[in-house]
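For clarity, chains are labelled A, B, C, D, E and F in written order, and residue numbers in each chain start from 1.
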Amino acid sequence: MNAHFSHRDEHIDDNMIKMEVNLDDMSPEWLGFLLDKLLAKGANDVFYIPIYMKKNRPGVLLQLLCSSEKLNEIKSIIFSETTTLGIRYSPIHVHRLERRFRKIETPWGPVTLKEGLHNGAIVQAAPEYDDCKRLAEKANIPLKHVFQFVWKEIPNYS
Amino acid sequence: MNAHFSHRDEHIDDNMIKMEVNLDDMSPEWLGFLLDKLLAKGANDVFYIPIYMKKNRPGVLLQLLCSSEKLNEIKSIIFSETTTLGIRYSPIHVHRLERRFRKIETPWGPVTLKEGLHNGAIVQAAPEYDDCKRLAEKANIPLKHVFQFVWKEIPNYS
Amino acid sequence: MNAHFSHRDEHIDDNMIKMEVNLDDMSPEWLGFLLDKLLAKGANDVFYIPIYMKKNRPGVLLQLLCSSEKLNEIKSIIFSETTTLGIRYSPIHVHRLERRFRKIETPWGPVTLKEGLHNGAIVQAAPEYDDCKRLAEKANIPLKHVFQFVWKEIPNYS
Amino acid sequence: MNAHFSHRDEHIDDNMIKMEVNLDDMSPEWLGFLLDKLLAKGANDVFYIPIYMKKNRPGVLLQLLCSSEKLNEIKSIIFSETTTLGIRYSPIHVHRLERRFRKIETPWGPVTLKEGLHNGAIVQAAPEYDDCKRLAEKANIPLKHVFQFVWKEIPNYS
Amino acid sequence: MNAHFSHRDEHIDDNMIKMEVNLDDMSPEWLGFLLDKLLAKGANDVFYIPIYMKKNRPGVLLQLLCSSEKLNEIKSIIFSETTTLGIRYSPIHVHRLERRFRKIETPWGPVTLKEGLHNGAIVQAAPEYDDCKRLAEKANIPLKHVFQFVWKEIPNYS
Amino acid sequence: MNAHFSHRDEHIDDNMIKMEVNLDDMSPEWLGFLLDKLLAKGANDVFYIPIYMKKNRPGVLLQLLCSSEKLNEIKSIIFSETTTLGIRYSPIHVHRLERRFRKIETPWGPVTLKEGLHNGAIVQAAPEYDDCKRLAEKANIPLKHVFQFVWKEIPNYS
């Protein structure tokens, strides 16, 4: 194995905040914009859940994680970009695997394989999406061809 | 059985239109308003589906039924009350059961039981929600107490 | 600006409880009733999430907020009105903006504009839905006409 | 009443953990498998929520409860069976009703009725699904016939 | 390639019916039962969509396909097992690929690989879920180990 | 009004096809890629719906529109990029409004306002999202500031 970059050791992060905001009077156009902005500003795991709110409103729940150091910055972005008058949050633990990255050669160019280790053993191995996307677009082939090629390089577990 | 009002015979309606509209830039507040307005104007089975649209937009699909005679009126309401530039529609068949209504006495007042008949046999029997709601609120008891009382009056099928 | 009622200052409420209940054997009719009842009894942010449960059940997750003083009362309503045998809950922080209300005159009558302030600056400004709804129904015009009229009264941020 | 098995007293369990995992690169086939496996291994209330993730991904949020003693075992199953590199969790309180079970005779065989008690009063009473399913399949009748028969045995609350 | 069973040629089926039913007063327990029963009776592609219905009801839309010969039989099942008073349907075209099946040997036993052909070329290749599930359970290994082993046997497209 | 480009007259397009595909064994990563590819190839209104499928699978329904001339090309993309063995489709009518575009000057640059006309009257008027996004990012201001500025330029309806 030619691991060329060791990301971080497996660890439990006790310094994270889970944030939640209900949105019932805001255009989905703005929500798409907000998701990318929050990720760019350092929030993690930003996503929306469709929810059923009062007065027959098909609303949306924004959820995200951020480190406690970023709490106030992320709050300000949410108040600026959304229509909400309130933000809910609470501390949360995050168990993160050790991550390793290695290159796989394909007929269309190299792809990074991301591996996750739990107690020192590889439990995850997945091609990086952005690499596969770039190669598929450049070679004008289906995305699944690139993924399926890389899958053959995942070592057997048995 | 004391049926006191026979609604309509079982039939297949070949004169209905199914309408669909994607909405990705409209407040859920307006959607709640629209749902009630469309029902008041004679549309049937008006509802929303949460959908995943381009540019990370958590949008909504409006779907409804209307008779072909009401097609243009319903279209005009949708163009007036939503932000859409397009409405999709196609004909659809609707098989409707024969409906019968009868009164059930409860300790809190009478409730209508709605029955549905398929090929002459009762296959559906359900208390009318609005009746049960009114009694539960008036008597200040849980809604399920009213429903569960009425359920005892549904005849056994065996 | 003619603010005529200052609601409350911006604050962080550390006395709130987030409650969650899974429901997999209960009619959506009862769920609609429950949502309004919980709001009437003082719960905040009551809503449903569609969830995928065991045995192919398209269930629903009820979520709400309440102050810790109301914990037992809200629990009793949930046990009375739903079919659940268990309720989950945990404390949560809520950051709420300062709120101000002012009147906007429109051709169809007055509408309240609700403003939200973060660190003393206006970051939110939205017409009150119930006012707009009442005027639209009375004047028999699209709801969006009322909103769009009021939007012109929101001061520019630049 | 012929209660023949008293499950447990009403109590608040302060020893539970709520776990959450975002999944954006995993087949729904595997998710179906995982749900059953987690339940078999002692997790409670395992379910999925549809979520909107970055890059237009219609992902899924896995949520479950487990006792703190099972935390590490459940984590290992999730890392083994999913593609995730991180698991989020936090403590949660669970208020559980007292449960009682009794047999109801029906024309197709016996069905267990599960009752839930809050402060000593019966607030829940529901037929066990697995019993009803078995009888409906054996007798080749609609499932609702079995439920509706058992409902008549639920005592009135008034 | 050792194809040992040729399923059917690629074709367009113009004899199919798409059926839709809104359900707003029915327990998710019954819905889980219904899904399996409809599949057992010959319906195809049976599934549920979460929908927002009037009066704040988090309802469900049942959708399925069936051949026009089975129309009346499937209708009767739906009227018997659900609470609905109406069923909507319309004709639909279905383009189906040619299917081939072949066996892949794994360390835990054989797995069927299902291939799909479009204009004579293999465009789909996927392990049969039920095979992988059985082997994973028997060998007490993660399901993904079985899938990932079989994936290596999918021929390259380049 | 300085309309400088008249898009197309209001019309009903009877040449469109609605396509639907169920996906229960495909990574959400691939689905995000597919959505953009289908739009780039000329499909309209491409979106996903979360659905509940057999064996507890939280699947996804792909839906899109295309002109009948593009039917075969779009089918081929779907077979190449997804894992499906079948595609469903049926004809659909689309009523499209007349569209007009005009420029609005803002403190941060020009924004296109898109208007929709029904029977010759303006019923829709909305800022183009991509313009607003570009200006908000360049000026480093909230997206809603740009929208709210443009909203003031929408003419009153009364």
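Note that in this section contacts are C-beta pairs under 8 Å (C-beta built on N, C-alpha and C of every residue); 3 or more make two chains touch, one makes a residue touch a chain.
Here's who's who by UniProt: A, B, C, D, E, F = Nickel insertion protein.
Note that the coordinates shown come from a computational prediction; the quantities given were computed from them, not determined experimentally.
Engineer: Show which chains lie in contact with chain A (Nickel insertion protein) and also with chain E (Nickel insertion protein).
Structural biologist: Expected: B, C, D, F.
Engineer: From the centre of chain C (Nickel insertion protein), which other chain's Cα mean sits the farthest off?
Structural biologist: That would be chain E.
Engineer: Centre-to-centre on C-alpha atoms, which chain is most distant from chain B (Nickel insertion protein)?
Structural biologist: That would be chain A.
Engineer: Could you classify the chain D (Nickel insertion protein)-chain F (Nickel insertion protein) contact as same or different, where same means more than half of all interface residue numbers appear on both copies?
Structural biologist: Both copies, chain D (Nickel insertion protein) as well as chain F (Nickel insertion protein), present the same residues to each other, with over half of the numbers appearing on both sides.
Engineer: Among A-E, C-D or B-C, where does the A-D interface recur, judging by over half of the contact pairs matching in residue number?
Structural biologist: C-D
Engineer: Report the inter-centroid distance (CA atoms only) between chain B (Nickel insertion protein) and chain E (Nickel insertion protein) in whole Å.
Structural biologist: Each chain reduced to its C-alpha mean, chain B (Nickel insertion protein) and chain E (Nickel insertion protein) end up 29 Å apart.
Engineer: Between chain D (Nickel insertion protein) and chain E (Nickel insertion protein), what's the gap in Å when you average each chain's C-alpha atoms?
Structural biologist: Distance between chain centres, rounded to whole Å: 25 Å.
Engineer: Check each residue of chain B (Nickel insertion protein) and list the ones that touch at least two other chains.
Structural biologist: Residues 25, 27, 29, 35-36, 48-50, 52-56, 58-60, 80, 83, 90, 129, 142 of chain B (Nickel insertion protein) touch two or more partner chains.
Engineer: In the complex, go through chain C (Nickel insertion protein) and note every residue touching chain E (Nickel insertion protein).
Structural biologist: Those in contact with chain E (Nickel insertion protein) are residues 23-29, 31-32, 35-36, 48, 50, 53, 55-60.
Engineer: Chain D (Nickel insertion protein) touches which residues of chain B (Nickel insertion protein) in the complex?
Structural biologist: Those in contact with chain D (Nickel insertion protein) are residues 50, 52, 54-56, 58, 107-108, 141-142, 145, 148-149, 151-152, 154, 156-158.
Engineer: What residues of chain B (Nickel insertion protein) sit close enough to touch chain F (Nickel insertion protein) in their complex?
Structural biologist: Of all residues in chain B (Nickel insertion protein), those touching chain F (Nickel insertion protein) are 22, 25, 49-55, 59, 61, 75-76, 79-80, 83-90.
Engineer: Would you pull the chain A (Nickel insertion protein) residues touching chain F (Nickel insertion protein) in the complex into a rising list?
Structural biologist: Listed in rising order, the residues are 27, 29-30, 33-34, 50, 80-81, 83, 129, 133, 136, 142-144, 147.
Engineer: Quick check on the complex: what are the chain A (Nickel insertion protein) residues that touch chain D (Nickel insertion protein)?
Structural biologist: Residue positions touching the partner: 16, 18, 35-36, 39, 45-50, 65, 90-97, 99, 114, 116, 118, 123-124, 126, 129.
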